[in-house]
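Listed next: structures, encoded as structure tokens.
Two complexes are shown next, each including chain A; its partner changes from chain B in the first to chain C in the second.
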Partner chain A sequence: MTDASANVATAGALPARRSTRWLARTREARFAALLLVPSVIVVFGIVIYPVLRTLYTSFYAVNSPFPGNYPGVGFHNYTAALSNPGFWSAVERTAYFTFVSTALELLFGIGIALLLYAPLRMRWLFRTIVVLPWALPTIVNGALWRYMFDANYGVINAAFTQLHLIGSYKAWLSSPFGALNIVILADVWKNTSLVAFFLLAGLATIPRELYEAARIDGVTPFQAFMRITLPLLRPAIVVVLVLRTIEAFKVFDIIYVMTGGGPANGTQSVSFYTYQRAFSDEYFGYGSALAYLIVLFILVLAALYIRALRSDNYGIG
Partner chain B sequence: MAESRRYRIFIHAAAIVVSLVFLLPFAWLLIASLASPVDLLRVPLKWVPSHLSFSRYESIFSSTGDTIFANFRAALINSLIVASATVAISLTIGVFGAYAFARLKFRLARASLLLFLSTYMIPPIALVIPMYLIMVKLHLLDSRLGLIIVYCSFATPFVLWIMGNYFQTIPRELEDAARVDGCTRIGALFRVILPLARPGLLSTALFAFLIAWDEFLYALIFTSTNAAKTIPVAIAEFTGRYTTDFGLQATGGILAALPPVLIAVVFQRYIVGGLSAGAVKG
Partner chain C sequence: MREDDERPITRRDFLGTAAAGTAAFYLAACGSGSSSSSSSGKSAGTVTLNNLFQQQAGYSASDIAGMTAEFEKANSNIKVNNTLVAYEALHDKIVAAAPAGTYDVVLGDCIWPAEFGSKNIVKDLTSLVQGLPVNEIFPGAIQMALYKGKYYGMPWILDTKYMYANTAMLKKAGKTTADLKTLTGMVSTLEALKSKGVLKYPFMGSWKQAEAVVCDYATLVGAFGGKFLDSAGKPVFNTGGGVQALEFMKMLLDKGLANPSSTSSAEEEVLKAFAAEQVAVNWNWTFQLAGATEPSKSKVPAGDVAIMHTPQGTPGVTPPGVNGGQPLMITTGSSHPNEAWEYIKFITSKQAQNNYVKDSLPIWAPSYDEPAVIKTAGAQLVSVAKTQLPDMILRPQVPNYNAASQELQVQIQKALLGKTSAKSALDTAAKAFSAGAPV
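== the complex of A and B ==
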């Protein structure tokens, strides 16, 4: 609008116009700043000091929660972490947890999103059921699955023996790798719902006429899914993958309540490892360095995902 | 149309399977909260308890003094207060910022929104130690106010993101018309945009409530008594201490799940609307 009028304006009128537009823009910017001040205070007012403080602490050999004179150690906390096999196995476990749980959540999430979108009878009821696990608090979810997989009284043992799938009660959570997979199962059970709803929101934006046209052209439903649904769902998939990956890489709560990091550190995630170093061993300097390494890993993961999914692997065109 | 009939059978069968997978653990949680300890510890397990009793629920609602039951009730009340206050404050504050991101042009708008969202990448474990020391200094340790302040700091970026995207889906013309009629920008925000943004506001409120209700690590480190301990902390403590009292664990679980589940079920039709803006724009 302003551009069009500027084009027809004479050369002499132009500078005045530009200056009022510039004024309007600064006024708008000032107004935006005013509106954002409360948010900035509430978020950064609270977060910025701890962020910097943790960075600072990560360069010192702090070994108690109390203020005092601690020797500076440069990057030693970081190099110590990076050369510690315990840290790397925690990273490996977290990477496995993150990859498997987000992959399964995406897979099941797409399926359930399609079901939520399908012409089901009593669709409202199905929607209500799918919402439930998402609303269940993580800690309750962890306690629930720990109970279900209990070696002596768990319902999984009871059901599997009564169905003759297993001969006798098994201690499911006592093998390190088995426990990790059961934590993944519990996490997927709860978080698939959120992924499904997010993808459903994406599905709802795809014009139905595309499917009509495809059907008239004799395209099979599977082809329609691969050529229409998936490409158009890609923005939603990217967002939900990044969100779930970040969340999964930070995993702590469910491990705290289900396994306490055990058995034999089999479910110890990086966040849990950091928690133990900082709060059980009181190596706060080392713990702070670990925390920054986690942030670094998350940044790299998020960047990788976004890049991989933005490149035209299965674009339309 | 034979194929469409087969398709119909398939989607309904799949929906039933998914529903069972989601419902069975809930069903068992409910049964365990009503069954007697003897039935729960029986091998082979008796799936249908010999008798059901609401005694655990009654104890939680009526018990007084320093009992597990009373502690549970206190934790529930704390969680309700903390989560509601977090929703109210972060929504009130975030709505203005979201409007700025959606409608106003200013330098580094995109970058500052990303800066807000990047706080989400920081694991709580990275902030909890210095925050603990601040809480000690400000005498906010073991207080609901302390938790509310911290929770608002990570609920607000979500409000900015979801509401910012939602505001963009509301046609600009409606706002322009109101301003031509003499409304100020703020007036138009309150009279035109916010009423239209109700679905977005409700879904954002739901998200913020779940975030606050679910939070665990800060509450674990910052709270120690009934003055502020939230329900996730109470449950984690309880399951750690009374490992085989599954009945009471289940009762606590049901009560802890009830508020978020009820809210999610009531507001579920807004979830998709609130998310769709984010799903498209990213």
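== the complex of A and C ==
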């Protein structure tokens, strides 16, 4: 074979090899895509389809669980919700619940995290005990607090009267505002441990040398907390605030178990209000619009937090 | 080792195996389906019924299991799976499961036939029910499944709120059950119980924001001669007896005769308080009698538990009790409507109901003269039931009952908590019964 013919042969072999590789890659890609099909179906079926279906339903006056031809109402479900005083009352209660419960969880969470970070004997045991409330199912937690605050045979009344803190048994869950605060207490008891563990992880990232240097400089423990711990813990605090605020805004199950939204709607959160309109009253179109309004509220909250994170240059966004 | 054993699994092998597996699974699924289901109703082979009941007032879980076991014994080709949920979850579970046809038989409530019937969630059983001796069923009981002349279920649980009293406590206050015949007598008895230090709060209501508060309110509406709707279907409970009923409830709280925890208590909590000797007088369903006289659950000696007709608002006029009936319904999504009806017919039969009278009395009027029924249920309960059950006040039969009732519950609670007057609260609630959907 001459050089020229060899060159031609080489030139002819190259595209052939390339095309074989291309074919192999295409086959592999197709095979990979095929393997992904089940998960795509699952994700579409349980996430994307319901989300889109709910959006679609929110533009119709759907008042039955069955599929059918329902009249389209445009944005009327949204405007009806936004002009309904009952909806705004539920939003106000939810905002109060979210603000107070998140603030208390953060406050107690920081305290517990600092205690759990201290060099104590059997620290592992304390850490295990602290995580227990969070491990408890919300339904169990709600029932537990409901029984504890029962007006006639609850342990809170028994303990408080024995300690002479109250003169006689009180009906704790019978006033709207009182009941809302007790639901907050139950939520704080359960979720503080989660906050504490997030912050504990944050504490572990703070270099010990900073405290040693501060001690040498004569800084008091309180000053060290304010000048070193708190500023360096801020990223963890913001993350936990985002998570807890969103969760608290969606509160449903603990209210369902403890008060059923009463008395006099005093504990009816916006999620509970939505559930009642959709499933109890069968106003599915209206309920879908309410669900999307909740999503919008949460998106606004999340955007605010992310903005706060960005402004602090924590490398997010 | 053979060469084949060393060969790696190729894409073709993988796809082939997956396809074969899927096909086998599909065929197996089809096979099992064809042997146990049929869309035409009566099926060959074994049929499985999936039913939904409540675990609360009415028949206990063991009663339902007992009736079901007897049915399965008599019908070897039908297997029954029963799911029990709290009453509060029952309606929403029926609605949510309707499109999937999860359940065949569901336990309804007397306030749902309008909603479920008009929305085609349950089947029209008129021809089947009329094939039974309905003239032997209490008139109040037969109403519980009726909407616009059609039966959307078969009556099963027949219940109303009776008056309960702890006679030992009444004795300490110098009173007897005879003093509880009228609402005026009831108030003076409660005042005596309070003033003589027997109990700080002698009465307790089921006035939680739930259907329970509407049932207690309905009992009083009946006592004061009021009505929920007029003959044209217009709400009238915001006038006359309806307003008096709510004012009476508020007065019991204001005078410290009713326990303040009433506004956060349902029937279960009231029963527990009665059993713990923290309540002397209350209204409750039939199940309180069994619960309060059961030594393992109650501190009250069985002989001290009295059950009576609810008090008269107008002396001499026997008041109707609240209709707390619950029918059994067949869902429109049921694949086995014939077997479902067989099951309903069996457990609502005179014979089955006569065998389980501890927590719920039969719908059949002749059963109340059966010696076995009187012996098991107790002569006291049967004699009161004979006067209380024939005439019962039905809560409004409207398709939007759930939404309207929620508004009524909230408004009653607002009045009880002193946030608004009884009249104003009921005026607001009445609008909810006239209004339609929010859009």
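Quick notes on this one:
In this text, the second predicted complex is superposed on the first by the 262 of 317 C-alpha atoms of A that agree within 3 Å, B and C clash if a C-alpha of one lies under 4 Å from a C-alpha of the other, contacts with A are read in each partner's own complex, and residues count from 1 in each chain.
Just so it is clear, a contact is a pair of C-beta atoms (placed from the backbone, for glycine too) under 8 Å apart; a residue touches a chain by one contact, two chains touch by 3 or more.
Computed from a prediction, not measured in an experiment: that's the story for all the values here.
Judged by the touch definition given at the top, the superposed model places A:S89 against neither chain B nor chain C. Of the two partner chains placed around the shared chain by superposition, chain B and chain C are both touched by A:P65. Once the two complexes are overlaid on the shared chain, A:I46 sits against chain B while remaining clear of chain C.
Contacts of A:Y153 after superposition on the shared chain: both chain B and chain C are touched. Touch criterion met: A:L36 reaches chain B, while chain C stays clear of it.
Chain A has more of its residues touched by B than by the other of chain B and chain C. When the two structures are aligned on the shared chain, A:A236 is found in touch with chain B, with no touch to chain C. Touch criterion not met for A:N181: it reaches neither chain B nor chain C. Taken together, the two complexes place residues 31, 65, 67, 150, 152-153, 279 of chain A in contact with chain B and also with chain C.
Residue ranges on chain A touching chain C, taken from their complex, read 27, 31, 34, 61, 63-67, 73, 76-77, 80-81, 84, 150-153, 168, 170-171, 173-176, 179, 259-265, 276-277, 279-283, 285-286. For chain B in complex with chain A, the residues that touch the partner chain are 7-8, 11-12, 14-15, 18-19, 21-23, 25-26, 28-29, 32, 40-41, 43-45, 47, 89-90, 93-94, 96-97, 99-100, 104-107, 109, 112, 116, 119-134, 149-150, 152-154, 156-157, 160, 185, 210, 213-214, 216-217, 220-221, 231-232, 235-236, 239-240, 244, 246, 249-250, 252-253, 256-257, 260-261, 263-265, 268-269, 271-273, 275-276, 278-282. Of all residues in chain A, only 25, 28-29, 31-33, 35-36, 38-40, 42-43, 45-47, 49-51, 53-54, 57, 65, 67, 111-112, 115, 118-121, 126-140, 143-148, 150, 152-153, 155, 158, 161-162, 169, 189, 193, 197-202, 204-205, 221, 235-236, 238-240, 246, 250, 252-253, 256-257, 271, 274-275, 278-279, 284, 287-288, 291-292, 294-295, 298-299, 302 touch chain B in the complex they form.
Contact residues of chain C toward chain A in the complex are 11, 15, 88, 91-92, 95-96, 98-99, 115, 119-121, 200, 208-210, 259-265, 269, 272-273, 276, 278, 400, 402-403, 406, 409-410, 413-414, 417, 419, 437-439.
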